[in-house]
Structures are given as C-alpha cells and as structure tokens.
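Here chain A shows up in two complexes: once beside chain B, once beside chain C.
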Partner chain A sequence: MSLLTIPRETLVWLMVAQVLVILPHLAHLPLWIVALWLGCGLWRVRIYRMQASYPPGWLKGLAMLVVGAGVYLSHDGLVGLDAGVTLLIAAFILKLVEMRSRRDAVVVIFLGFFAVATSYLFEDGLLAGLFSLLPILALLAAMIGLQQSRLFGRPWPAVRLAGGLLLQAVPLMLVLFVFFPRVGPLWSLPQAQTRGTTGLAEEMAPGDIAELSQSGELAFRASFSGELPPRAALYWRALTFEQFDGRRWARGPSSHVMRAPAWTPQGAPLDYSVVMQPSGQPWLFALDVPELPGGEAQLMGDFHLQRSRPVEAALMYRVRSWPAAVRQPRLPQSVARAGLQLPAQGNPRSRAWAAELKATHPTPQAVVEALLRHFNQAPYVYTLKPPPVGEDIVDGFLFDTRRGFCIHYAGAMTFVLRAAGIPSRVVVGYQGGELNEAGNYVSVRQLDAHAWVEYWLAGRGWVRVDPTFQVAPERIEQGLVEAVPEERALFDDSAIALLRYRDIGWLNDLRLKWEGINYGWQRWVLGYQGDEQLALIQRWFGSVDYRALGAGVVGALAIGMAVLALVLFKPWRNVRDRQREGYARFEQALARHGVRRQPGEGPRAFGERAAQRLPERAEAILAFVRQYEAQRYAGQTADSVALDRALRRVCRQLRWRAARSRGE
Partner chain B sequence: MLSELEACLTRINAVLLGKEAQVRLAVTCLLARGHLLLEDLPGMGKTTLSHTLARVMGLAFQRIQFTSDLLPGDILGTSVFDRDSGRFVFHPGPIFAELVLADEINRATPKSQSALLEAMEEGQVTIEGATRPLPDPFFVIATQNPANQGGTFALPESQLDRFLMRLSLGYPAREAEKALLMGGTRRDALAHIEPLLDHTRLHEIQAEVARVRVSDALADYVLRLVEATRTQPQFAWGLSPRGSLALLAAARAWAFLDGRDYVIPEDVQAVLPAVVGHRLRERADPTGLGGGTLVQWLLREVPPL
Partner chain C sequence: MSRFSRHRDRWLDKRIPRAKSVVLSQRSIFILPTRMGVAFLIVLGLILLAAINYQNSLAYAMCFLLGSVYAVAILHTWRNLAGLRLQSGRTHPIFAGEQAHPWVRLESRSRAHQAVALGWQRAAMTLDDVPARGACEIELALQSERRGWLRPERLRVESRFPLGLFVAWSWVDLDIAVLVYPRPLEGEAPTVQGGEGDEEGARVVGVGADDYRGLVAWQRGDSLQRLHWKAYSRGRGLLVKDFAALAGSDLLLSFDALGGDPEARLSLLCHLVLAASDAQQRFTLQLPGRTLGPGEGAEHQERCLQALALHGAPAERAAA
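Presenting the complex of A and B:
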C-alpha cells in the first residue's frame, strides 16, 4: 500500500466537492463545462476501477488547447473575470483526471478552495455565503481523507472531523473579520458582466426607463435613524438631465462641475445610511440635499453625488439630507443657459403652447401650476406601454397620444417650461421604495426608477415638481405596480413574485423578514470595511489607524501561537539530559562527515558503523560510545566532564580531518 | 561463567550447523527462564536443537509427540491402581522433565494444549487434587508446523503470549548444508555429547542473568516500544505488560551472553523480533501472521536514544 496513492474516500469527497464548487458558478459558465465535468468524472471513476489508464501526454495537451479555444469562443477572449474563472474551473476539472499522487490531490483541493473564493466575486449574498460552506466542508473532508491511514478511511468520520474543524475556526474567523485590515485592491479586477447592466445610465431614452421599471432587482436600501419619512417624500436623486437633442435626454455641463453650488440648510435634517448594490456607475443615491460626512463622494454642480470610481461592490455610506434646503438661490449664467437649452427646431405645437402659457400667466409659478393642472385635467394615461409617437416626440405625446410614463411627463414638462423661459431640468433617480417598518428601512428596487422635474425660481432656487403625481398619484403614493395594474405581464419574474405574494399576509411578512436578514448581512458583514471597521475598533480601543491595527493583529497572532506552543510542548516539563545532548553533538560531528544515525539505530551500533566508516578516528569514536554507554546504561555515576572530554576528542579529530581534506 | 556458556554455544553449533543466531536466541530464552516456540517445516532441525540443548545443559529431556488423540493425562501422568499395595500410584507423565519438547503442539486438541500451557505458566501441575511441583529449571520447547494446517488447532493469542520467544530456524546456508551432507550422521554426534553444565549451575547462571542492570534510559526505550504498539494505528492491539517484562528479561539474557552486566538498546533490538513477533498482529489482517513487518517498523521508527 503505497503512501502515494489517493484513497477512495478522498476521491469520493473530491468529486462531491467539485460538483458543489461548480454549482454556484453555473450561472456564468458555458454549458460545455458540465459535459467536461461529466466526462472527466467518468474517466476518473474508470481509472479508479482500473478500467481505463491515465491520459497520455498528447491527450492532455490537446484537452488544454481545446478548453482554451472553448473559453476563447465562449467569452470572446481569455482575459476578463468570466473567462478567467472559466479557465480556472476547467483546469480544476481536467486536473481530476490527471492526478496520480497525493501531491496532485492536494493541488486539486487547493484549486477548489480558490474556485470557491472566486464565486464570491459573482454572488456575495447570505445564501451564497452559506452554500459555499458545503464545498469547503467537502474539500476539507477530502484533505482529511488524504492524510488518514487507509485503515481508518471511512467517509463520514472525515466529514465530522471537517465540520469540527470548521466550527473551531469560527472564533478565529470572527476575530479576523473584526480586526483584519481591509486592504484596497492592488489592481482593478475586471468586473463580472452581469454587473451594472440594470440601473440608470448616463443618458436615457424613454424606453430605457420603461425597461428598468420592469425589473424587481434591488437597487439599494436605506435605513433611517429617525422615523421613516412618508413615501411621497422619498425622491432619491441619481442624476440630472439637462441636454435634450429632440429624442433623448442626457447629462449637461453642470453635472460635471466638481463643486457644489451654494445652498442653505433649512428645516430638520434626515440621517440615514444607504447600502447600495453594485451599479457599475460612479453616482450614489440620496435625498436632497445630501451631505456625506465620510467624504466618499463629491456633491456635484447639479446636486448629485459622484464618486471617483464606479460602485462595483456593495457600498455603504452615511448621509445627512436637508429636504427643505434652498438650493442655488442665485443662478449663474452658464447654468441658466443650460437650463434653457432646447433643440433649434422641432415640436412647434409645444413651443406655441408654451408661448401662450407665458403670455397668459404672469409668473413662472403660475405657468408651472397651469401645466400641472393641465396634466391633472386632460385625459392623460399613465402606462408603461406608450404608443409610438412621430418625429416630434413632445408634440406627439402632449397633443396626440397622451399616454406615457414618468420620463414622458417629466421630459414634456421640462420642454414646455424651457420654451416658456423658465430654467428647468429632468431629474432621474428612484421614487419611494418598499418601507419595512420593523427594520426602519426602505428597499428601493429598479422598478422604483423615476423621473421628475425641477425648475428654478428667483429667490427659492431649484424647486422639485412631479407631473406624474398629477396623472397617477398612486404611482407616488403606492408604487409603480399599483399605478399600472393591467400591465403586470410586463414585469420580470422577480418583480412578479414580489407582486403575487404581496397580498398574502404571512408570506409577505416572511419575505420582509428575509429581506431584513439579507439587509443586515449586507450592512453589517459586507459593509463592514473601511471607515465602519475603524469606527468600531476606535470605539473599543480609542484611536488606532490601520498600521497599528495590522501590527496588533500580527502581534496577537504571534502571541497566540507562542501560548499554544507553550501549552503543547510544555518546556518546563523537559528535564535537561546532558548525556543525550552530548550524544546529539556527537551525532552532529559525525553527520558533518557524512555518517548519519538512522532513526532506529542504537548508540553502539551507530558508533561501530561510524568507526568502520572513519577507521582512522575509530578509537576516539568508540571511546566516546563506551563512555556514553557506561554512564547511560551501565549505571556508572553521571560524569559530564568525562563525557565532554571524550566528545571533545572526537570533535577535534573530526575537525582536523575536515581541515586536512580542505587543504588537499 | 561466560566461558562456560560460550563453550555450550560452540558445542551446540557443532551439531546444528550454520544456525548461530537462532542457537544464541534459544540459549537466551533458556537463560531468561522462558519457553520457546519453534515454528518451522519438518526436518529443519527443531528436534535436534532441543535435544542438543538438553544434552549440553545437562537437563533431563522428554519429548511429547502431540497428536489429535493425545489426552491431558498422557502429558501430566495418571494414577494407576496398584494391586500389590492396594492403592492408586501416580505415574508421572513426560512433563516431569527439565526440558520438554512438545512436538507439533498444534496437532493436539485445545484441552491437551492447555494442560501443557498451564503447567508452563504455573510451574506445577494439579492432578487428582494433589499439586505436584515441576522440576526447576523447567523449559518447554514447543514446535509447530506452519504448513499442512489441516486438522490442527492453532494456538490462541493468549497462549502464544506464554512463550517468551518464537523462532524459526529456516533453511541452512549452502556451506552448512554441504558440511551436513559430507559429515557423518548427526544423531551419533548427539549421542556422544557430554553435558557442560548441570541444572544447579544453570540455576546459578539464571540468577546471575536476573541481576543484569537495566538503566532508566533503557527502560524508557522499552516503554517507547510498548507505547508505540499501543498507540500506532497499524497495530491490532498493543503489547501486554507480560510482553514488556518478557522483552526486558530476554534483553538481560542477551546482554549477559554478550558478556555485559548491563543492557543496551542493541540487546533489546536483537531479541525484539523473536520476543514480540508472535504477540503482535496487523490491524489490517488480525488473523494473519504479519508480526514481522510490525517488528521491522518498531526497529526502524522507535528512537532507541
């Protein structure tokens, strides 16, 4: 029974672990990986049953090339996160067939651990985290099976031991989680392509928002330290669109200004923290007017928050908002120009109507009110499926179809306001969200995406106005789904599931609880880094910085190891044994001359062998061995001096020989 | 004393050619007051060895051929009614000898086997209510044939444990066998061997052997060996305290034969295979005879220092 072969139990656990490792990756792996695994697993089993032999070198090379080509074709290249992970998994699978010795099995096991770690790049939810314990358990069991004697190898004890090991690791894990400094990435990892595909974008045509509104995917959650504000007050600003080219709205110059315009806080502030899902975009969501104590982001010229890097992992930030603040009471020329920008031509009926409004109403405020009244009283319909309009989309919407959703209303109103000489812009973001009273937080989903209008009034600054509210107040008060009850078929699965069970009380409660748990996970586990970590540790230990923290962690580990070593080795129990030490030095002296004692070799047998190997030193060697034997076994009184003398003689002679051989 | 023993060894070696190591171990076993189990094919010199040993040591020799119909009475002796005196008179069996050769011990039924083994352990036999002491020294050499196991009763482990050593003689070397072929019949030589010792002398030597010094360091080595058999996973079970005592006794005798009055680790190593080989089993094969690899492992891995 060779020590090098892989025990059956290890193989079984390794294959189980492989399935468990690959399972969470399936969403982004090409399907042929499954076929590859089945083939390799079958081959491995046949090798184990001695029905097949190990693959020859040329076949391994070929498999490597084919897999490389497959990855290239599936992912349009070999670079990038998806392609890299696919390559890793493919290597993990191919190694299964190739492994012969225990060493190979260890390589496969560590590859498995690495593959488990990469799965966190794609999915960092609570369930995914819990699931990943399974492959880790199986890999540990395989590793244990590898180290156990084959006589003992049974699969279940290995798993029990692995589970015990995992449990024992929990305290260490907690300590590391709390204290280990989070090091920023040394290089930027290309993100998974599934990220950042939903959400608001730099510029949007009406259809984009409609599409967004059909997704039940989470955008962010916000928990308030005080009471939850009413739903209708929750206008989460993401971006402003100032430029209109006749078809699409896009960001204007002031949204690129890196300096916040003047504003005066008024009224009571709102304190809340936001845990944002990765959006792939650099802007953050907040209520007006936000202040970020952490300084993670900059308040831009149009009052939106922007970060230097895109949000590619769940991000937590604290905000203080002043909803009643007066924003930019004095409008600079450039901003005013941008707020009045219109395409040179098009939409003549709207322009005419704007001129008429301006003529009949003395103040800008009256114009706005007239517009809102118009939206309220004319037969407008709120729908996610607006009929197509002609070349002049504003005209077509305002006068012909009168069917549309938020961006249509906001866009049309902004157009008319601008045409009437009132600086205004479209704001996009999210409106409302699902209030979770128990957890005092709001979950905002993509279907809460919204667009509204703000216009500028001398003295009052920018004023928010929402034309959608006039058409479909239930959109603001209850949410999108209630606003378009007959268009449910449009929503995607997650949104549908959300709707279907909303009316079953206990199920909805359960869902909200689960949401709460997930949110806690995001907020306290994933969000625990950077300032959060420092803040917590500083609360316990006073002011520390990362360097002190790192030194502390390393120092604590070292002290822990030292204590463990003391407990395990109990040095105070070791009585000093001079004879044994003397013999050890004797062995060292001889080892320098190439004579080494076998572990089971007795003192005399070794001495005699050494004397044979070094005949000219035989006398000194045997004299020492005699002396040692007499003191250690023959009951002569211990005489370390005599033993030392004999030892010195051996060492002298041996050194002399070494010197002479060097001289030759 | 040592020279007498050397002379004994030389004389035995003159009869049993080329088996110096086994002869030395057999004498060691005798000096350590242990019993010897010889395991070998027929015709390898088992009987010759025991016979020569008895002759040279000046011991009264008896041989019991174990067969399946052997009764305990055939070993221990029986009381026979004597018509003249009108009483039962005890006729001692062949066990009342100083050196008993129990030939093919595994052919007898367990009942007869245990009659012998009890006598070996107790040094006395109880027959019909009367306890009769066995001669001192009392030395049993049992033989068994590893092949042709049909119709045999293998000795259980508990009884194997009562033998201090198990030896196997093995085929002779080429030169030894040639000398054997060219020489006269060995049986004649055997008949003419003069004893070199008598049982009082042997008694004195055995007493001397028991005084051979065992130092702390050496006892630690024996303990390490025993510990290894009890903790390492490949051993089906560990050595008993009787096993460790046997190991030390044999090592003492070996050291004495080597002319020392103290034991060194090499003595323990020299007797280890013979003393513990039949007491150990591999866990993977608890019924087999795999003690040999375990002993090699002990010799190789347990640090003697």
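Presenting the complex of A and C:
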C-alpha cells in the first residue's frame, strides 16, 4: 500500500475496539493495567492531535520492562494463562501508542482478535459470547478503514460494511461449527484459575457445608430424556466420607480405588445429561448408580465418579443411572474396616447409646429404624446456625443442643451406626434442585448441597438413608429455603435474589426462561464437543461415514459460497452494454467490406477512414459514428433505439452495395 | 524480458486483448491472498489451536466466523473490480525525456468500486474511488526516453478492498500510445554545405535579419515574438516585423545536409522545426525518402514532428 499513514477512522475504530476488547478481561486483569491503558490512550489521542510525539525507543524498552515486572509480581511468574493474557493485553495497549504505519495497525488488529479469543477462556456465557461480537466488529471496521483511499472518511460506512461481512459469514460459520471435527486437546495448557468457586471439598467440617448452602450459585444442570423423577429421589452423589477424626469427615480409602465394585442393575434406568459448572475439582455428579457411555470419568470404589483432570470449564456428560441397583452385596474386608472406623476415644455417650441400641434391637435394619425414629420424635431442630458444641461434637449434638444441619445428622448417624457395628459412611453431594418444567431439566445450586448416610446390609448391599428427612422433610420435598424460613438473612446475594424472584410470579417466569436459554447455550454451544457432535451427526444422517461427511461439508460450503456469490453479484441485474454491442456489429459489418479498424484507432478516425473507402455509404457511416460518439463520450443519454436505427441503415446500405457489386 | 514474462504476455494478450476500453470480468480478474491475508490465516490457526486445547466452543466459533469472513472477503474483493470499465483517453505528444500524462477513466456501471489502484509499478499506484454509476479519471505518469511511439506495458489495476486480505488485480492493455517527438537539441544550424553539389536550396537554414522586409499590421495568429515593441511604445499600434517569405527562398531543413549521429540530426531538426514554426517561417522538411512541405502553421509542424518521431520506424501507426 502506497499510503503508510493510518487513516483517521482506523484509529477511531481501533480505540473503540481496544475498549471493547479489554472490558471483558477487566475481571482478571491487575489494576495497574487499567492505569497503563488510560495513560496510553491519552497519549495516543495527543499524538493524533499533534500535541505529543511518538514514544522514544528508550521509553518503549522501559515500558516493556515495567510491564514484564508488573506481570511477574501480579501473577507470581510469567507462565500461566493469566500472566499470558495480561502480557497480551499489555502488548495490545503499548502497540497502539507506538503504532505509526499501516503495518503496525495490522499487528494491533491481529493482537486484538487474539485477545478476544482468550477472553472466552475466562467467560463463555451467552452474554459474553454476544458481547464479543462488538470488538470483532470494531476490529473489522478498523481493517476496512486501512484499505480506504481517503484518510478522512466517515466511520459509519466502515462499520456497516463490517457488519454486512459478519452477517454474510454466519451461514458458513454455522456449517463449519457443526461439522468441523472436534479432537481432544493436543497438549495440556495452563488453565484459567477458577476464581472463588464454591463447592464441595475433599474434606469437610460440619460448618463448611452450612456455609456452602448459603450460596445461590449454580452447581450443575441435568436434563432428563424421560419424565422427571420426584424431587425426593434426586440424591446427586459427589463423594463419600469414610474417615472421621473426631472433628472432621474426610475421604477414605475406597474413594481412591480406581475400580467400581460389583453391582447389579435393577429396575428402570434414568437417562439424563448433566452440564456442570467449573468446580476446580475432579469429581462429577450423578444419581446412583451411574454409567457414563462417554467415558468422561471413572466409577470409583465408593460409587462416585472421578475424572483425571479437574473440571476447569463447563463440562457436559451423559449418564444412565440405575437407582434401584444392588451395590456391593459382598463387602470386602478392607471396605468393611473402613466402614467401621472410629476414633479411638471420644463421644462416650454416643458409644454407650449405640451399644444399647445394638443390644435391644435384633437386626441392623432395626437399629437403623430406631435411630430414624429417634430423629423424628426427639425435639431436633434443622438450622443453618447450629450453636457451638464442646469437644465431643457428636455427643454435644445428639444429647445437648439437638440443633444442626444435614452434615450434623448424617455424621452423628454414621457415628452411632459404626459404634453399633454397622458399616456405614457419609455421602456428600446435592439433593433436589429447581425443576424447570418447560425445559424438563433440574438446576442444582450450591444451596442444594447435602449430606446423607449409606449403610451396608448383608444381601442388600449399600442402602441410602437420610436422617435429615426425619427432622425436616420439607428440606427434601421442597428445598433448603423452605426448610429454614426464618434464617433467610444468612443467604448470600445470589441466593437472596433467587428468593426474591421466587416471590414474584412473572419475574420468576422470566428468570426461568433466561435460565433455560443459558442452559441451552451451555448444552448446545459450549458442550458441543466430540461426543455431542457425533451424536448430532448420527441423529441427522443415521451413520457417520467420515468420507461422505467430509464431501458433504465441502459441498455445503461450496453451495453456500455460490449462493452468496449470486446474492453479491446479482448477475441478473447486469446491464447489457448496448452501445458497445452496436459498435461491435458496426465494426463487423465494415470488416466484411475490407475496412478493418486499426489498433488504437478511435471511432471517429475509423469512421472517417471507412467513409473515404466507401464514399457512397459515407453519410450513413458518419451518422452512426456521430450517434455513437454522442452517446458514449458526450454524456448524452443512452438511446439504444436511435443507435440501432443508425446501425441498421449502415448495414442495409452495405448489403445493397454488396448485392450491386455482385451484379456487376 | 525473461521467457516467462514473454509467455505471460502472450497469454495475457489472448485473455485480455488490447482495447481502448476494457470491462473487467471473470476472465480478466485474478485474486490471491496478500501477505496480510496469510498472516490473518496464521492468527486463525493460533485461535484454532487455543480452541482445541481448551476445548472452548466459543473460540471455535470465533475462528470459524473469522474464517468465513475471510472466504466472504474473496467475493467482496473480487466484486470490487468486477464490472469496472477502464478507458484510456488520447494523450498529447511529448518530447523525448518529458513525462507523458495519459489518463484513464474508471467508470462504474452499477455499484461503487472503492479504493481501486492503478499504475505500472506496484510501488507507485494511484488510488481512487469510483462512485456508483459514476466515473473518475486518474492521471498517470509515464517517463519517455526515446522518440517514436511510447507504448507502456500492461497497466496493473488492483484492489484490496474491503479487508486487505486479498488482492484482486488485472493487467489491462488500454492501447495507450504516446507519440514521442525527438528531444529538441539546440545547436548551430550549419550554413550552406558548400562544395557538395547540393543544389536543392539556397540555404539550409535562413532565419535571420537579412530577410526583414518591413512592418505590417498585427493579425490574429502572428507570433508575439515578432511584435515590434518599440513601435508599440511609440503609439504606432501593434506592428509585426515582416520577414521575407520570398518564393523559392523557403527554408529547407534536410536530414542529409546535417552531419553526425542520426538521432542527433533528428533532434536538431526537431529544434529547427520548432524554431521555424515559432518564426512563422515556411519550411520544407526533407527526410530520406520523404519530403514534407513546403508549408507552415501548426498542422504542418505537427506533421513534421510526427515524421521526425517516427523516422525509421515501421509505418504501422501512420493512420493513427
């Protein structure tokens, strides 16, 4: 390009694009980047107004060093996704100041595109995706500005054209998005740090789960292909806690066994798919007993699902669950030992009570039922704010305070069962969820976090039992918020907003609709990876034949381009150039009589020469040429009729001459 | 000229024949990615890698969106040239060593054509916009070196609009031909070449005060150089010095009478023709095998200069 300066509208659009590119990144950029950005933006404007000069070389070097040091300090190093993105944004900001030539502008634009792509790694919601169209539009407009011939154009035509280009690109993009083969990661890359994710953890003290339960943040959604099971049956297992040290419950050995124990499917299975929010933990959520056809995770020794990598981005998986399955009918020694483990001492009252229960009840099942009856009849209170208990937390809870949360009930029951010689463990996960009837799916939030108990009976295997149900059945049947109506003040903002919406009918409908849209986005766009793609293609085409598929995609792209070309070129609107056609016929007619136009000979010169050679026809020839010239060059309106008439006269006379010369 | 470019030119001559007016169509437009277009693909590749490694659907979508924009840009860039009519105009003759300024008219038959560049060298292209159903004229510069017909090579017309990712171009031969007269070289006009038996004229050159005949009233068309300013200042009105135009004593400018290198002789003759015309002298130009005149006036001068320009050249363009 001969012009090296950057046109004004390019500069305008680049500055706009910079704002739009950086905005979504602000959440994870260090604050000093904003200061750098403002300073550089002001400088650039001053350069444009000729009030400042370009930064000198030493200052650029210094700025790079300072940025490097800043990134190092803010992110504890220069490696990692966050540090990389900060460096990218800093380069994007600094390059804009020192940009002089069009080539520099191209570099800035490309950096901008890449920065937009990296923003998806942090935030990939529907709104973020739609918003990112704006910086892309501005960057394209800047690219168009670079190509324009005038340095001072108006900025709007460029952005209109950019919008047109984007719209025309959408159909091709959809074809590519659906059919482009998805492969797994080629190599592992640093992941975005999952910021402030709340959720279940490896080990929990009673207070942790109560705190978790105060958040309205989404944990996962599950959509069922058949009818939605009743709420009370939705026990989403995440982990089991087998080890108790007197204060905390933690994962035991069988939750690290990489092999599923024996289990027999029974009853009707449930088919559903789960879209999980990033949790930063490697386990997945499912109803008992899950099978994953996609093989995303391993069913572990305690029937929980574990993946090799933590879930750092939204994850979608399909599950088939057998709720009535018989699990581990024969208990290996090691598992039995773990299921009976108790600290050597502590909680003497509970141990004594367990011994008494064991003595008075003939079977383990009877002990369990007695315990449940106790929870149901004794004055227990379900609360998120349990009062502090002493050193022996089980004794304190069972016999003194009798106020607690699900983990208290589950922990206490497991303790007593174990003391009575019944293998048992605490299961944590989520219970229930918000049913969205319209979409046939369940949204499960952090406040649905729950803990329950499973115990082992010879012949029946592991059996689930929920002591909380005995104390506060509304927790299971309706939800936590209904279970503790007077403790609303404890919930965090997201949970409170949720509660407020619930009270206003139409607003709640709106919220549910929005949730549905988001869920669709997650399922169909974000979750559209390998298996989903295969499933979709199989549904559409029956089978997946890669060769046919590839040919089909190429064909679809070609047809798309052809349709677009037709729309763009509108060949049916092509005006025929009647004047030129007429002139060509005129030349042909004269050529038949030996008068050929010389290269470079204009119409008038040619006409005059022809008139000399054919003096009898001179008048007709010159009349045509005059008409042609007048229409063609003198800006007279095209009048094809008059031109045709003149041409016909020439041809007629030439024919007559030909006939006469033959007659001679 | 290399063999390749000869082949290319022959191919182009068939594909886009020479014409005063050319409408760019699919036969004549070529399109390829620019360096920027290749760099853009590399950026898309990086975004695709990020999408694959992070399993990020939005990054995939963005990569595909920009890839589709890339494909759409092919059509837009191509369309920006398609249907454009280029037409060359008549260019005035120049003297060797001067710059000719042929102009080309770009005319749109339907849509606007933005940022169309025109030129002989890629480094020096002239950029302009053609409005919808309108036209613009671009003046080009062409350096002449030798006398004769100056016929530039094919003209490159290109466009990178809208995104600069592709360049669509065509090589058109708009039949631009500039007549280049010899460079006028001032020099001593040799007086009679005595002793050679050359009896054709009394003098080779004879513009001098000797022929001064008197003052006559100025008429439109008389050269201002011959105005008698002194008489004017004395209030005698506009008078011109009348030089002898005696029958038989016309100026004879003869190629054969001059010595030296033929090109130098032509240059000198060019100068003499101009001088004689300026002096409104009747003169005859004698070239080997051709005699022009005697005559005077602009038309005669033009014919003489043209003969000088084309002396020795094949007579292909005499008609033009």
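Points worth noting:
The working rule: the second predicted complex is superposed on the first by the 531 of 664 C-alpha atoms of A that agree within 3 Å, B and C clash if a C-alpha of one lies under 4 Å from a C-alpha of the other, contacts with A are read in each partner's own complex, and residues count from 1 in each chain.
The rule is short, and it goes like this: a residue touches a chain if its C-beta (ideal position, glycine included) is under 8 Å from a C-beta of that chain, and two chains touch if they have at least 3 such contacts.
If you're wondering where the values come from, they're calculated on a predicted model, not measured in any experiment.
Of the two partner chains placed by the overlay, only chain B lies in contact with A:Glu629; chain C stays clear of it.
Contacts of A:Leu166 after superposition on the shared chain: chain C is touched, whereas chain B is not. Between chain B and chain C, C touches the greater number of residues of chain A.
Of the two partner chains placed around the shared chain by superposition, neither chain B nor chain C is touched by A:Leu510.
In the superposition on chain A, contact is made by A:Tyr120 with chain C only, not with chain B. Within the superposed three-chain model, A:Val563 lies out of touch with both chain B and chain C [touch as defined at top]. In the superposition on chain A, contact of A:Val79 is made with neither chain B nor chain C. By the touch criterion defined above, A:Phe110 lies against chain C but remains apart from chain B after alignment on the C-alpha atoms of chain A.
Using the contact criterion defined above for the overlaid structures, shared-chain residue A:Arg604 touches chain B, although it does not reach chain C.
Taken together, the two complexes place residues 149, 580, 598-602, 605 of chain A in contact with chain B and also with chain C.
By the touch criterion given at the top, residues 18, 20-21, 23, 36, 39-40, 43, 46-47, 49-69, 71-73, 75-76, 79, 82-83, 90, 109-110, 114-115, 117, 123-125, 127-129, 160-164, 175, 177, 317, 319-320 of chain C touch chain A in their complex. Interface of chain B with chain A (complex): residues 213, 215, 217-218, 233-234, 260-266, 269, 283-284, 298-305.
Listing the residues of chain A that touch chain B in their complex gives 149, 151-152, 579-580, 583, 598-605, 629, 632-635. The part of chain A that touches chain C in the complex is made up of residues 1-3, 106, 110, 113-114, 116-118, 120-121, 124, 128-129, 132, 136, 140, 143-144, 146-150, 161, 165-166, 168-173, 176-177, 180, 182-189, 191, 313, 525-529, 557, 561, 564-565, 568-569, 573-575, 577, 580, 598-602, 605, 609.
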